[in-house]
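You will see chain A twice below: alongside chain B first, and alongside chain C after that.
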Partner chain A sequence: MLKAILYKEWIKLRWAVIMIAGLTVLSLAYTIGMISYYVEFQGAFSNWMFVIGKSLLLKNIVFVKVLPLITGLVFALIQFVPEMNNKRMRLSYHLPISEKKLLISSTGFGYMFLLIEIVFLFFGLWLVISMTYPAEIVHKVLMTTIPWFLGGSAMYFMASFIILEPTWVYRIIYAVAAYGLIELNFRASTYDQYQRLWVLILIVAVMPFTIMFAGHRFRRGSK
Partner chain B sequence: MLNKISRYTIILLIVVVSALYLPDFFSMLFDKKVNTPRLNYSAVIDEFVYTQHHGMGQTERKDIQGNSYSEREYYKLLPFTYYANLDKWGLLPAEIDGFELSSKSIRRNSQFFRIQPKDISSPFVPLYIMFEAEPDYAQLIIPDDVFRLDNTIEFLDPVSNSVLEEKSHKFQEAMLSTGFSFPAKIVAANQTNRKSFDEGYFIKDANNKVFQLKMIKDEPVCVETGIDPNLGIRQIFIKENMRKEFYGWLLTDDNEVYLITYDNYKLQQIPTVPDDPKYSYIADEMTIYVYTYPVNKHIQISGNGFKQMIVFDNDFNKIAEHVETWTPYKKRPASIVKSFLFPFELSTYDPMKWVKVQMDCFWWEGLAGIAVSLLVLVLFSRKRPWFDYVLVLFTGVFGLIGVLLIKPED
Partner chain C sequence: MEHVIECKNLTHYYGDKLVLKDLNLKVEKGRIFGILGKNGMGKTTTINILMGFLRPTSGQCLVFGEESHKLSPLTRQKIGLLHEGHLAYDFMTIKQVENFYARFFPNWKADHYWDLIGKLGLGDNHKIRNMSCGQRSQVVLGLIFAQDPELLILDDYSMGLDPGYRALFIEYLQEYVREKNKTVFLTSHIIQDVEKVVDDTIIMGYQKLLLKMPLTTLKEGFHRYEFRNVNAVGAIKVDDDTITNVEYYNDKITLYSFKSTKDVKNHLKTHGITVDEMTEIPMSLEEAFIGLTGKY
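Our next item is the complex of A and B:
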């Protein structure tokens, strides 16, 4: 049963996964292009000065910042909007598998692709940045990206949760909360500015639990 | 069971979001801006003077005896601050305390610095640049390499992103030969070429000794300064100035501030404790301003709810001091109401420019808000799972919002 459910999620996601994979590669290519353009244009030394003193790299890696957010939203929309159309989810809930297992496996499957993207972006960026910059800058930039990845993960879980929720009133409440929780990860204006990252990690780590509640409410037919 | 956990997870997330935003919105809506006075000391009348803005462009200029002044009169009291305007108007006095006044002489003999919390330890990339201290040109020339200084000193070539072995080795040897022990704990310099000369780096080593490292004619020059290693140095600030009175200043763990003088690195303590020790300088939350003028020195400690000013002669003998106070944020009505309303507040603001999630509890005032929240829950919404009450007991109005919005499902 589980295999069939995962296959269904794959059918929904496959085009998006391919598109996002392409965008991920493109965004790293953009970063490489921007870095070499700036190095060429400013000269290696003054480029380093801009990178160190003016946080220039944040501009060059802007796609790494927004791509997990976009991915999270797109995956959630593609996976769950068709299910909520005409309450088709009802059919899934009638399958011989518990609703919890069903929801965990669907969101887990979607999140797996987002996680692969995040890991790819992280290590890709590591490689790209260390070609031009020393270890100090590489370390600072990689630390900078962690809250962005948490933000992307939060986007996926909260968007899935909001879509799976059957009533609009609750959806609006959740959307307000989601905005606050996602925004929390995008407050830095320079490299590696976050302290106590574990708080943010903890917040994102509990988010998958929320999805059960939406499923439960749907089954009960809450209006 | 899982459904219950799931519901409380949502409520907890709502608690987090409301604790982040609601107290902030509350302050934004209800707190009034306090116009704080700008204090200064007039060497002309030997009295503290201040300006205070009252909105609509109205500015009050007074001395602390209560005499009011017009704008020009006020400027005339403070020739060391407003010399440029006074000079233009032809109102600059000829001399004060034996010092002949002219725009040039005042500019040449004045120096100003401050220490803000964000200067002490904010996010930065630990890479530095070393200027040639005796260049062949009229101004300092920006080098073409950068260096790292932690467990070793390594110069890096930005073009190839590789270590310049020879130069690194030369500097490392020079440092080791003066008794420097790696790793470096503090690396301080004024990394700009907009200065007339370069004093290089002041570095605290593993044994808390302070060294000065410069580059003269491409050769490293490392000197042990002899600054007391037991001082507990927290941060060093370097700023070259043509006056050549001090290289810079340093801050200790005990909130003491010292000037590093050109007299063989001898330290000169800047007094930071006024007569009333409650207005003493605390580096984590206050800003200290030090103004050196030709005839005296002003120190201003700017904290939450007060400005303390101490005036010294050039040998640091105290001449006068004065404190101006106003109601600090924590004692203003909006803040007090806020602490009764909300049991705690989450914020990411940090004076050192980090983004750090932190919780500020309002303890006993907060209990009032919790009691009201519980009462509301008991009166208006009975028959709830017991854990709803527990949640409101700990999170007050935030929990109340959560449990009222997200109804229990059986």
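Our next item is the complex of A and C:
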């Protein structure tokens, strides 16, 4: 039964997964290109002044910043809008599988692809930057990117939660709250500004439970 | 007698709006039970309660002995459900949807599905979203048949179907259900189709149950009488015992009743209305339905 649920989610997600995978590779290629440009044409001093001192490197890995966010939103829309359209979710809820298993497997499958992208971006970036910069810089850049990845995860969970919520009034309230929670992850403008990453991790870790809550409300016909 | 479905004092409100009031019904194993009623009379609400998509304000529904709002996956496996509007995963193709459902049901009978689909003349990779409502209805029916459920619940199966597909739907359903001794619970507002398949029926009116009886009893026992009397226009009161419904057109009065001509005449006489000549006009089931529920 689990295989069947994953099969259904794959049918919905496959084209988006392929497109996002392409975008992820392109964004890493762009980052490699930009770093090569600074190293080859700007020289060591310029590198230190602008890339490190003025956080120029962060500006050039903007794709790493927004890609998980876009992916989270796109995956949630693709997976759950068709289910909510005409209340099609009732078809899934009538399947001989528990509500909890159904929601965990559906969201788990979507999140798995997002996680693969995040891991790919993280290690890709590590590889690209560590070829040119010292370990301290690599560490700082990667620590800076972690909240962005958490932001992408938060976007996926919150968007899924909002789409699965059966009433528009609650959707709007949740959307306002979700904006605040996601935005928390994108406040840093220079390297490694977050001293309490665990708070952000904790917030994102709680988010999947909201999907269970919205799913349960739909199941019970909440209006 | 084993009851597959049993509802006791089912009452439901949407906010302040009362939709169902003290609905009681029992569906016996192997019977075809139809809920008839005009739109907005609570048919879909009843199905949603039965399938656990709504929790009733009060009362209780049991399906295979389990409370309807907490049906176990094993019990859901025994129920083939057709949602209003022939709801289907429209992002899937004919082949994909069969692949998907087959993994949930141990007694999956793929032949039933492909037999029905074969008649549509569509390719396996045809997307459900690109089908007409009629074609989609065949896909959904095929999936339910392949599931081989003990109980079929069909919510307004006739909605959106042209006469051809309606006839086809009924034909397949009739054959399948009779052959396999299945229990069916269906709702519809198209009476002439239901007439062919339903054993027992309830007719729902606004916030109340109008009638609960086998369809044959309704066809044989419900009468329409006509007479002319200008003085009686507006003077006849509807009551549950004798006069079920009354319509006026100029001096022509049409009465609906489960009583005989003689009883109706006597009833009118006790209310000061003398009728010399009263004619019984034969009715189709659809006319009987309109007689019961009213034209508006």
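Convention: the second predicted complex is superposed on the first by the 221 of 223 C-alpha atoms of A that agree within 3 Å, B and C clash if a C-alpha of one lies under 4 Å from a C-alpha of the other, contacts with A are read in each partner's own complex, and residues count from 1 in each chain.
Going forward, a contact is a pair of C-beta atoms (placed from the backbone, for glycine too) under 8 Å apart; a residue touches a chain by one contact, two chains touch by 3 or more.
Small disclaimer: the values here were computed from a predicted structure and weren't measured.
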item: Clash or fit (per the criteria above) of chain B with chain C on chain A; value: fit
item: Partner chain in contact with A:Arg171 - chain B first, chain C second, else both or neither; value: neither
item: Touching partner for A:Pro134 - first (chain B), second (chain C), both, neither; value: first
item: Partner chain in contact with A:Arg220 - chain B first, chain C second, else both or neither; value: both
item: Residues of chain A touched, compared between chain B and chain C (which is higher); value: B
item: Which superposed partner A:Lys100 touches (first chain B, second chain C, both, neither); value: first
item: Cα-centre angle that chain B and chain C span when viewed from chain A, reported as a multiple of 10 degrees; value: 140
item: Touching partner for A:Leu200 - first (chain B), second (chain C), both, neither; value: first
item: Chain B versus chain C as contact partner of A:Met212, first or second or both or neither; value: first
item: Superposed arrangement (fit on chain A Cα atoms) - minimum chain B/chain C Cα distance in Å; value: 9
item: Chain B and chain C contact sites that coincide on chain A, given as residue numbers; value: 220
item: Touch list for chain A against partner chain C, complex; value: 1, 3-4, 7-8, 11-12, 82, 86-88, 90-91, 93-98, 219-221, 223
item: Residue ranges of chain C touching chain A (in the complex, touch as defined); value: 14-15, 48, 51-55, 69, 73-74, 76-77, 79, 81, 83, 85, 87-92, 96, 99-101, 103-105
item: Parts of chain B lying in touch with chain A, wherever the complex brings them together; value: 2-3, 5-7, 9-10, 12-14, 16-17, 20-21, 123, 125-127, 129, 142-146, 148, 156, 158-159, 161, 348, 350, 353-358, 405-406, 409
item: Complex contacts: residues of chain A adjacent to chain B; value: 44-45, 47-49, 51-52, 100, 131-134, 136-137, 140, 170, 173-174, 176-177, 180-181, 184, 187-188, 190-196, 199-200, 203, 206-207, 209-213, 216-217, 220, 222
